[in-house]
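Everything on this sheet refers to the single structure shown next.
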Amino acid sequence: MVTVLYFAALRERLGRASDWIDLEKPLPAGDLLARLRAADPVVEAAFSVPGTIRVAVGQRLADEATIVNPGDEVAFFPPMTGG
Amino acid sequence: MVTVLYFAALRERLGRASDWIDLEKPLPAGDLLARLRAADPVVEAAFSVPGTIRVAVGQRLADEATIVNPGDEVAFFPPMTGG
Amino acid sequence: MASVRILVSDTDFDTGQEISDLLQRSGEGAGGLGAFVGVVRGGSGLQSLTLEHYPGMTERILEGLVLEAVGRFSLSGCTVIHRVGCMNVGERIVLVLTASAHRAEALDAVRFLIDRLKTGAPFWKKEHYEDGAGSWVDAREADDWAAARWDTA
Amino acid sequence: MASVRILVSDTDFDTGQEISDLLQRSGEGAGGLGAFVGVVRGGSGLQSLTLEHYPGMTERILEGLVLEAVGRFSLSGCTVIHRVGCMNVGERIVLVLTASAHRAEALDAVRFLIDRLKTGAPFWKKEHYEDGAGSWVDAREADDWAAARWDTA
């Protein structure tokens, strides 16, 4: 099981803040996103909007090649705009 | 008449904060100081201690060539250490 | 050891109190305190801002940034407070305080932290306008550049 | 027009109040406030500091520096408070506050002002030690350099 979190514009477009997805073996974050998009047209639509998407794995900034392990928390979000 | 002010270590070495000196015509600040030193051994001693001395004429930073006019306020002091 | 305080808060902070506290915590070796206070800037009909964040990751990232600043700029103390939730124009969003023996380190550290906070911590701003419209703030390229220049410094 | 406040004072100032005041005075266009608070740093048996100044010239120089900073860094507001008289270790000496639309200008202006204040305004520090000794602080070459680098920037 992997917890998937969405933030900001991405969360709004999806209409929800999180998903849970079954995961038996490690997978790159990019492949995980491809599975999410394929499984749900709402996710597919939300991620089809042009614009940079960042990913965090285990609450650390990551990229599409970063390995996601069962039990990890994964988050997708637009570029950060703090300060 | 010119008001001459002394600050910080210079004031302490002199034992006074100001002098008045008669001045009928304009004079470079360096020449004014030479007159002050020649007129009073206490001034001569205070200015003989090695170290940079700065001068202000009319409350503006100046140098030895700056012309002092009758009525001006002239000040001598060590390098400034504010902040 | 440097004294560090990190807070993510949905209420306003007391800038004067935070400055006094940091000077107290930093001890006699502190000769200067640098600060930045970010404020919701008005204009173009902007009324308020909502700040969303990633609870857990935010604190982790802020702690990493602050510890990096402490080491890099020899800080004796550091405070970072970032507000989340809804804020009106004129309200404070963020506070960065640094204490150091010397002014250059304190001020450089403030600049480093605020540059990094802009693009390196999981916060997102949504603007709300008087006409009811709302839009997420785009990351500015200038901010990415400001954050990146510290990587090679 | 930028809102400017300059004060030479023999009593302590309220940092939080000064920050709130400056943000108020600067209006909605201010997005960031930069600050530096100078403090009497302890060590080597230092007990207190006496700050002497040149009344009249001090205010004139501070006003010139602040107006230069306002123009150079597009400030919407600026506050400079410099204490004179006797201060113990840990007490505040100087406060520089700048408000601007953007953080870079605000923080650069703080750096500019504090660098210039160190060697360009008629203040002199005398240190008093626990053993009764007292000595005037020598101007540091590093401070002259820090002030000079702004001349060509």
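A, B, C and D label the chains in the order they appear, each numbered from 1.
Here is the rule we use: a residue touches a chain if its C-beta (ideal position, glycine included) is under 8 Å from a C-beta of that chain, and two chains touch if they have at least 3 such contacts.
Small disclaimer: the values here were computed from a predicted structure and weren't measured.
Looking at chain A and chain C, not one chain touches each of them. Between chain B and chain C, the centres computed from C-alpha atoms are 48 Å apart. Centre-to-centre, using mean CA coordinates, chain A is 73 Å away from chain B. Taking each chain's centre as the mean of its C-alpha atoms, chain B lies 26 Å from chain D. Shared interface positions of chain C, i.e. residues touching 2 or more other chains, are given as 38, 103, 114. Of all residues in chain B, those that touch two or more other chains are 83. Chain pairs that touch one another, listed by label: A-C, B-D, C-D.
By the touch rule above, chain B contacts chain D in their complex via residues 5, 7-9, 11-12, 52, 56, 59-60, 75, 77-83. Chain C meets chain D in the complex at residues 14-17, 19-20, 23, 27-43, 89-90, 101, 103-104, 106-107, 110-111, 114, 146. Of all residues in chain D, those touching chain B in their complex are 38, 51-54, 56-57, 60, 82, 93-94, 114, 117-126, 136-139, 143-144.
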